[in-house]
């Protein structure tokens, strides 16, 4: 295998991004996936951050954050969070977003707020483990035409029901999102460290669509906390091509994804 | 014009003494976790033991992380609460898990919209974010309401009948806003994203600028479209190089990655926090001692970052240190001068 | 980076042909009556006989005055409808008094708030202006409603019960926005007040920039905080010196007071309007003929105004005319090239 | 008389402005009155326009408009209409504003929208004479802590009830404004070409407080379209001092107010 598991995940995510789209990336893996797509097959993607940084490409390694100087060094425009998340994301202009998840459930609801260890109950108290909060992820989940969830495929993360919905996926499934009139369509895929999950057209429950060459259906089922349905046409995700690896590594200049294998 | 060159420069310690008070709603930076924030102001709050704060931070920063770690915060309202690439914010995390800080969650857009509502004096602002999630249904400030009604009431759009969230305005008592460039009157230029500094400067009851560099007002007349915070909003200006350290100030200095990690690691425990305050807060009450603590080598390295060219157009208007000190001295508290 | 230097320069006539259509909701300049507005775009609308417009102008300008005078406007929504120091807008006035233009009145803040609501995709925005006055109670679009219910419905703040006006969002089909400086990709710098160009650029379904000067993208990378309209919002860029004439473009040219008066006087009658179109619109479809019409002496005088220093920091990035022409030619309609 | 009637009106208006206030001026007479106050007795007034121009003083004559280059030449900050009228005026931050009036009535309601020649009736049709609309005046009338109305004192302008309320004064008088929760307190004076009117504390009806030396109570009553009440302590407004005239003329460099006498 001439690539790492992290590289596979980044490439699978990047393949979801189409040329010309308006795309919002977070830090870390999601930014690498996005800039890989630009370098490889989507040169006209218009990339932005939720801080209101436009036209920038990171230099000198992966940014530590979306206001890091590594992404501020060659921007063509700086505005504000209100502009980026309000005028560009909440407005429905943004084609695609990428968010992470500490917990994700069968309907693609994401928890990044805290771990209570199950149902919170009627009284809201402090979590056992405090996480990062919603940040801009709730805004992306509500506003982007579609979005991708990236998550490490572990049983404790892929749960029947998240402790706290920080960012809405399909809520209780079916048409549940429609009640809120969100301009965004919801999560189009969960890209994990082991494979790719997609929502059922009607029920909106996520099923296993494909797995990475180094994984298997059994491994994925064992690492999923709900009774994951498997597509009858489940397949192996195409391994990275040489051109893809070249493009990804030109973006991942500090080799973050190779170290983390 | 005397009107526009009014000198509002005061020392950092005076600014905290005059404008900060325990129990206040305190907002800062309106920053992101690795960028612009008036962290130096938070260090002085710690030195002067200002506590019981109701912190309003668009997103967490090392300042909020520190204020939570030392126990200066009672309540907080926040969007993102981590440190981005630097992981969880250990000080904030510890204080929330222990119940010492009651943290009310919003999304980043919701915080920006609430600051806008404060700025515009709207009793509420409408938005479609947060509704349908636990950000709407769970309130740390009203923990027994489930689903919460008072946090983000659902209203109907009168034109379409569509449901919307109504967001309460934010009007903090005091905002300490970091900017790279300010003139003595309080006109400020930002470099890099504003994040929500524009909205915050209008929403807060009182605004203090903490500036890395002081420039002549002529700079503002050359670039008036860059002056997004005009002097008429500003009570006082503090000159404090490396205000945002260890975070970054685009155009002026890079983030100090080693200290970002060290600081967050130390804030992860009570002992570590005590040590952090002893080593990096208490002895750094003067510009000289503060810069010494960062170290000349680090300063040189951080100042030579890839965004340094962003400052070039304004360098010719930078006021000499001696001039800034004189202006500051003219406003210094008499008590301060007697004590010195 | 190919992404960010995408060339969107096209000739003015192409821009109108491609993006304008009769019956559209058309917004411009988001300007004030004596300053920035894409008046040149309106002249081309007249040359191409685009009509039945639903005009959305934050405040009236000589463009709206002209479009009303020639009968191109069916409906309009506006804040201020005069010409400030130049008096009433005779073309607009005539068409409103005759009933030809149905004019819906709002205050200037209400128009800005409605553009913001359009930009944020809010179904309405709350505000306390206009309520209690006839601006709320009288609707030209619903003339038999009295008091009008559909224009600015009264809603209750869910936190306090206080009454508020709900303002409908504005989302014009097309906005032609005047800027002094744009790069070929559509990044734009404004000098002087933005008025509501920022909000309009986000509210409109499609945005075209009409720029006095074209600069290299390197200028935007030096001053990214000035680029308040980023390329990702922009469909096309038109280079047209003296776009706002006879109004002013701070930093680039002064207002032409003599022509302001002459134009408004001529628009005061049908005959005068016909003559104005014959003398100042029809023969000015090319940059060369347009500038000839303004006259070299006037151009020299207006360019040497008291704000000229505002342009100085950007002059080194101005693209030579020949370069701009080449970029424009690369995008010109084939039909246009065959006809030429 | 070593001053013109227009100069008296500008000086009387300027006297209402106190040092240190945040003040919003329109074009023409109101700007002259404001900058006279700054030059004479209120050097720390923070002047702004509704276009979002801060820290500027006009040069080379009176601006033709609030975006004129004559006021854009030495500003320290340019923002936007939303900022100026929203964040600074509607917010209640602005201490004082000055607006003009084509018609003004006994409760200080202002019409700048159109002349219908009386009641409009149930159907809203075009006015006989279209005026300039509300512009920012409605926003100033609602948001400024107090505001001044400047108007030429003529019977056709000082009417029992304006045809159209463009900018609310005290509406039907008394507490009528309170129903709307406006942050601004309402008009504190009407400065006319002949004298000064003030609102009664309770009824909010405007009465004649003082007249200019070149005018008289009788002249003012004859030129007012409602039964104007006269203060029992009605007095003559102090004539311009030499210092005031000097300050005003230093602002009115093109002598506009002297020509228009």
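A, B, C and D label the chains in the order they appear, each numbered from 1.
Basically, contacts are C-beta pairs under 8 Å (C-beta built on N, C-alpha and C of every residue); 3 or more make two chains touch, one makes a residue touch a chain.
Worth saying up front: this structure is predicted, and the values here are computed from it rather than measured.
Interface comparison, B-D versus A-B: the higher number of contacting C-beta pairs is recorded for A-B. Per-chain Cα centroids separate chain B from chain D by 39 Å. Note on chain placement: the centre of chain C and the centre of chain D lie 29 Å apart, centres being C-alpha means. As a whole-number value, the distance joining the C-alpha centres of chain A and chain D reads 57 Å. Within chain C, residues 113, 120-121, 127-128, 162, 190-192, 194, 224-225, 310 each touch two or more of the remaining chains. Contact with two or more other chains is made by residues 78-79, 86, 90, 183 of chain A. In terms of inter-chain touching, the protein chains here follow a pattern that is not a line, ring, star or complete graph.
Across the assembly, chains come into contact as A-B, A-C, B-C, B-D, C-D.
Within the complex formed with chain A, the chain B residues making contact are 31-36, 58-60, 78-86, 88, 92-93, 96-99, 103, 105-113, 115-116, 127-135, 138-140, 143-144, 146, 162-163, 190-199, 248, 250, 254-255, 257, 260, 305-307, 310.
Across the interface of their complex, chain B is touched by residues 22, 38, 43-48, 54-55, 57, 74-79, 83, 86-88, 90-92, 183 of chain D.
On the chain B side of its complex with chain C, the touching residues are 120-128, 153, 155, 157-160, 162, 164, 166, 168, 189-192, 194, 222-226, 309-310, 312-313.
Against chain C, in their complex, chain D makes its touches with residues 27-28, 49-53, 59-60, 62-70, 72-73, 78-82, 85-86, 89-90, 113, 120, 122-139, 142-143, 164-168, 171, 177, 179-183.
Across the complex, chain A is touched by residues 1-4, 6, 119-121, 183, 185, 187, 202, 217, 220-221, 224-225, 227-232 of chain C.
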